[in-house]
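What follows is a short report on a single structure.
Labels for the chains are A, B and C, by order of writing; each one numbers its residues from 1.
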Amino acid sequence: MDASTSQAFSPDRFFPADPTTRSLARRCYEPVASLPIISPHGHVDPRLFADPQATFGSPADLFIIPDHYVTRMLYSQGIPLESLGASSSPEFGRGNGDADHRKIWQLFCANFRLFRGTPSGIWLTHELHEVFGIGEKPSAANADRLYDLIAEKLASPEFSPRALFERFNIEVLCTTDAATDTLEQHQAIKASGWQGQIRPTFRPDAVINLDAPNWRQNIGQLSAVSGIHVADYPSFIRALEQRREFFKLMGATAADHAARTPATAELTPLEAETLFQRALKGQASAEDAVCFTAHTLMEMARMSIDDGLVMQLHPGSLRNHNRVIFEKFGLDKGCDIPLQTEYTRNLLPLLNKFGNDPRLTLILFTLDETSYSRELAPLAGHYPALKLGPPWWFHDSLNGMTRYFEQVMETAGLYNTTGFNDDTRAFCSIPARHDVWRRAAATWVAGLVARHIVAMDDAQEMMTELAVGLAKKAYRL
Amino acid sequence: MDASTSQAFSPDRFFPADPTTRSLARRCYEPVASLPIISPHGHVDPRLFADPQATFGSPADLFIIPDHYVTRMLYSQGIPLESLGASSSPEFGRGNGDADHRKIWQLFCANFRLFRGTPSGIWLTHELHEVFGIGEKPSAANADRLYDLIAEKLASPEFSPRALFERFNIEVLCTTDAATDTLEQHQAIKASGWQGQIRPTFRPDAVINLDAPNWRQNIGQLSAVSGIHVADYPSFIRALEQRREFFKLMGATAADHAARTPATAELTPLEAETLFQRALKGQASAEDAVCFTAHTLMEMARMSIDDGLVMQLHPGSLRNHNRVIFEKFGLDKGCDIPLQTEYTRNLLPLLNKFGNDPRLTLILFTLDETSYSRELAPLAGHYPALKLGPPWWFHDSLNGMTRYFEQVMETAGLYNTTGFNDDTRAFCSIPARHDVWRRAAATWVAGLVARHIVAMDDAQEMMTELAVGLAKKAYRL
Amino acid sequence: MDASTSQAFSPDRFFPADPTTRSLARRCYEPVASLPIISPHGHVDPRLFADPQATFGSPADLFIIPDHYVTRMLYSQGIPLESLGASSSPEFGRGNGDADHRKIWQLFCANFRLFRGTPSGIWLTHELHEVFGIGEKPSAANADRLYDLIAEKLASPEFSPRALFERFNIEVLCTTDAATDTLEQHQAIKASGWQGQIRPTFRPDAVINLDAPNWRQNIGQLSAVSGIHVADYPSFIRALEQRREFFKLMGATAADHAARTPATAELTPLEAETLFQRALKGQASAEDAVCFTAHTLMEMARMSIDDGLVMQLHPGSLRNHNRVIFEKFGLDKGCDIPLQTEYTRNLLPLLNKFGNDPRLTLILFTLDETSYSRELAPLAGHYPALKLGPPWWFHDSLNGMTRYFEQVMETAGLYNTTGFNDDTRAFCSIPARHDVWRRAAATWVAGLVARHIVAMDDAQEMMTELAVGLAKKAYRL
């Protein structure tokens, strides 16, 4: 390992250069560095843990093909997605043969400079170093050698998903699952006797958002799995309640909702029914979809109060902005682009109805950082039911975290936030992402100590909350 | 006082940790640290100074009950406002008996951790330390002892409002007063012979905003106090002119306006009259209210040119977002939430008519920090009539000030800003707030010196302007 | 030169105070400090180089009269534009006699404090120091002496535009020229045999934006210079294609477009024709103008794919906000104010049609910094055709650059950005502006090295790209 590279994985990485603050950051970080990982929201495939023989596949399967952060950057520089393993229905671990995977890996290594200064660059460097013991920067020159080295390790039992889950010291990992999912993988994990804690999360977007692809089929599936014939709005609601109950039985503590906007609104029963019937006939308009989601989110808040599932809301992404890519390769190819998002007026109906109820925990996320200091922190600093989730997606980065700490904490207060979510599909990046968070948090807290805003004893308590406490409490884990 | 706590009140607090910049910040701060306080905009109750025997009441009266920054944070964590002394018409110094006040204080102390890293935490620490000589962090353990200690001091003449006014070295304090206020308290202060300079500010929102609670009653009151029967728009305008004249006689140098948006527009006399008559009949719509305020703000700018009162505009708050709390406890309970706010187009009519007139001083505030670099700094760096007020409300914080300095000053120029406003109801926090501003300003200026952007002699001039000069000049004090 | 002033031109200026980062910033900066200047976008008058005898005129001509950054700041503090040399059609080098210019200079020097902490202050200090060897701060006291000193130098051949072009080590300078321009100055430069590389840029706003002043006359001029009778939309398009071809022949590598919003849309041929005919009759509405620009921008992207001219888009300025000043003095008097700007939805049509085509380079700029992390970085980090231009106009400043690096780079990636544009009319400020950029870039990169995010060898490559490589590649120079 040469000097310039090892420098890139220094034990002081991400801490500020000023010696006073760096030393305080180190003191803040060290006690929490090896605390267990709480991962209350993410997209890891539960199949990885259901089958004790599961593997991560090739190095390209692990690092490139399913990671839209990685492929979008390569694509932006003119590398076709086809040459990065994209196909219309990519399935984990099923590639186009090892020769193709090696080519994908070579392309990635030859273009590794594109990740300079990016979160992906940081996560990949961490994974190579900490999981595979590789301290070299990937390059055209070392691509083949690294490929062989990683492939060999991936074939060994020490690198099975379950083995890495344990090595990563993950206390709990929550997946994200459709409302119509039968959670077979989760059942298999339980049945296997393996002790890893993998919990499902109830994500009903595909039946709540009328403009979701194949909405009517999804409703049919909802009828089938719930055993409730969904023919009108009341039966739709009963079926959702039934699914939530099932998810709870399977260990879920939270529901999750995506919507283009955080609009909430209360319709009359007749209005809701009319929209629902129009949708069943395939005649719902774009505006109908917005109203229906706005109303049904209020129903979901009511259910959360009843059944205790924490409610998460992830609004503000214009999905599949690039139609060409969507038509060729489908969802989640790095083509979702954030939108300006308004919370103060949009959440007014929901918060007026449920925001004062301490039984509800509503965790908000945003892709529009302008809402941090203007809307989200003032709201979270007031409503008992409201908490702010961590920086999300494009903002899950060192600078994104810095902006979050600086713009949210003064007004919301630390205790109205919820620690960290890794929100990842890339299982091996989980320790890297939590480490970035813990270091960014230590940097923020150290800055408070250095400027005599909080004392060191308080700082240590804050660090433990940031690393594990807030997430455990907010997600009722 | 233990080490960790005294650290929290270091003479270097809030300065950056880097030794070069810290030492420069200290050099910038020291000459202005003890300059008198100019407080040109705030909400302190003038009754405190009208009666020489006035006291601040109990520790809960002083620190908790009337301070919505404090109560909102406690409420957000599930503590009912009822248990914090909220009632539908809280009056200063009238509590529910000392036992209740002690309980409120205990709750506050037991939850003091919630204020870690918040401006309230900083102000409270400063007040306890500097006003009451208390260096301990409040906690469940010391709550009773601190209560007794503070209560004893508050009962002594050295802790009367007038005594603290003098001890705080306040040169001038401006209050905020309804257009219909007879300013009896201000008259009593003058009549008492006490030398403290307390000036009223003309705040006509309750008669200008048609959707203000009890608008028609307010108009009746306006007729009564002005002696002008307000029956149409011209008599409305004459009555406002009369009140402004009266406020000027009583020492006012400024008017202040709150509005949901900074919309300005010029109606024809007939249009204005039609709106006004509709409102008198109780038939004004929400849109009418917006138009009426937009037009009347232009009238207020014209009056400012005529009578020389500085015009302040505070737009962008959605008041009483939490209806439940509003209905139970009324206004100003920490439930006002900022909105996205547009200035470039909204102010176009007013600035085109009056923006080039050097007789007008229009001071703008914002709760939407995105407008700093995009709209407000470019506007203030061009129009002679326009100045930018300091960071307001949720942004009156260390980070809020940093963002303000970084995002405003390059384009607006220091001399198009107006120094600091404490904008507080909490009289004892005034020195704390001005001290935070002076330290934040010193940090900004020291950063310019450290990076060789301004020289030290210029820096010292800038500091004096930031601490007192800009505010005095902008507010014509 | 006294100590406090020389400090203001330290070799370490603009670098952070922390010794570790400062020393790294110095190491990053030094290798690129004297690389040639690539200036791919700006507003320098080509006449300066067409005539070998051209001079810069008086010190007021050089530093004040044509620089709206300077005059707007003086105007904002009540100094009339008339007293700063503004007239309805200011022409370079033609003043109102030397006595008047001396008075303008005196006003400027007496008010030099207004530029403390502003980019203009930094550029002016650099120009005085590096171009004229003046280390003193301008003041009322030294105004006359400085005037004489600068005037004498400006009269000497060493200070001719061509001589300074060479002394500044400018490799290429691109001007901005109307679509109807015959590029006579550029022809004269070529004919003169002088080796300085001055390239035109195709800027067709005045014929594309239906609400441009004198649009119909402009269309007449377009017919005249292109030799194509513009009578309908197809002939309009053909004439634009002809002009682009001519610009290419004259050395242009790019087109540039300003629009109030970045709206793009595809009209049917009939719709486009209808709009065009309505405009020819002088009957186009404001909405027509928006639609026409939105559609024609898509045509311009298509042409860029065909002819290879790089496409630049500069949206989001509300031009001539101050009608009084516009009517008295015309365009570009510092009265243009930014607007909130939306990119995700507005660019959808254009990007869906052309965004995946690697033959297109579309360089986006913004005056709304909120779009950096929310919209522009996510878009540029995905679409192969898209690149982000540097911080523009009010954001071409130290803090503006810092925000750009912090908010853009993690998500867009360095290689989807385009280095620096000085975008200036003030020729002598070009080295100052590029130096600020190189120092700000070195500060950013040094921060990455100091925090072990990139290694020093990578950092050096990044610096070369930031200083010259990215701009050369993006602009195909």
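Convention: a contact is a pair of C-beta atoms (placed from the backbone, for glycine too) under 8 Å apart; a residue touches a chain by one contact, two chains touch by 3 or more.
Please read all numbers here as calculations on a predicted model, not as lab measurements.
Undergrad: As a multiple of 5 degrees, what angle does the CA superposition of subunit B onto its copy subunit C give?
TA: Value: 120 degrees, nearest 5.
Undergrad: If you list every residue number at the subunit A and subunit B contact, are more than half found on both copies (same) or fewer than half (different)?
TA: different
Undergrad: If you average the CA atoms of subunit A and of subunit B, how many Å lie between those two points?
TA: 40
Undergrad: Which subunit A residues touch at least two other chains?
TA: Residue numbers touching two or more other chains: 18, 370.
Undergrad: Could you list, by residue number, the parts of subunit A that touch subunit C in their complex?
TA: 4-5, 7-10, 12-19, 72-73, 75-78, 113-119, 121-122, 137, 318, 321-325, 334-335, 337-340, 367-370, 394-395, 397-400, 403
Undergrad: Flag every residue of subunit C that touches subunit A in the complex, lowest number first.
TA: On the subunit C side, the touching residues are 18, 20-21, 24, 342, 344-345, 348, 351-352, 355-356, 358, 370, 373-375, 377-384, 386, 406-407, 409-411, 413-416, 447-448, 450-458, 461-462.
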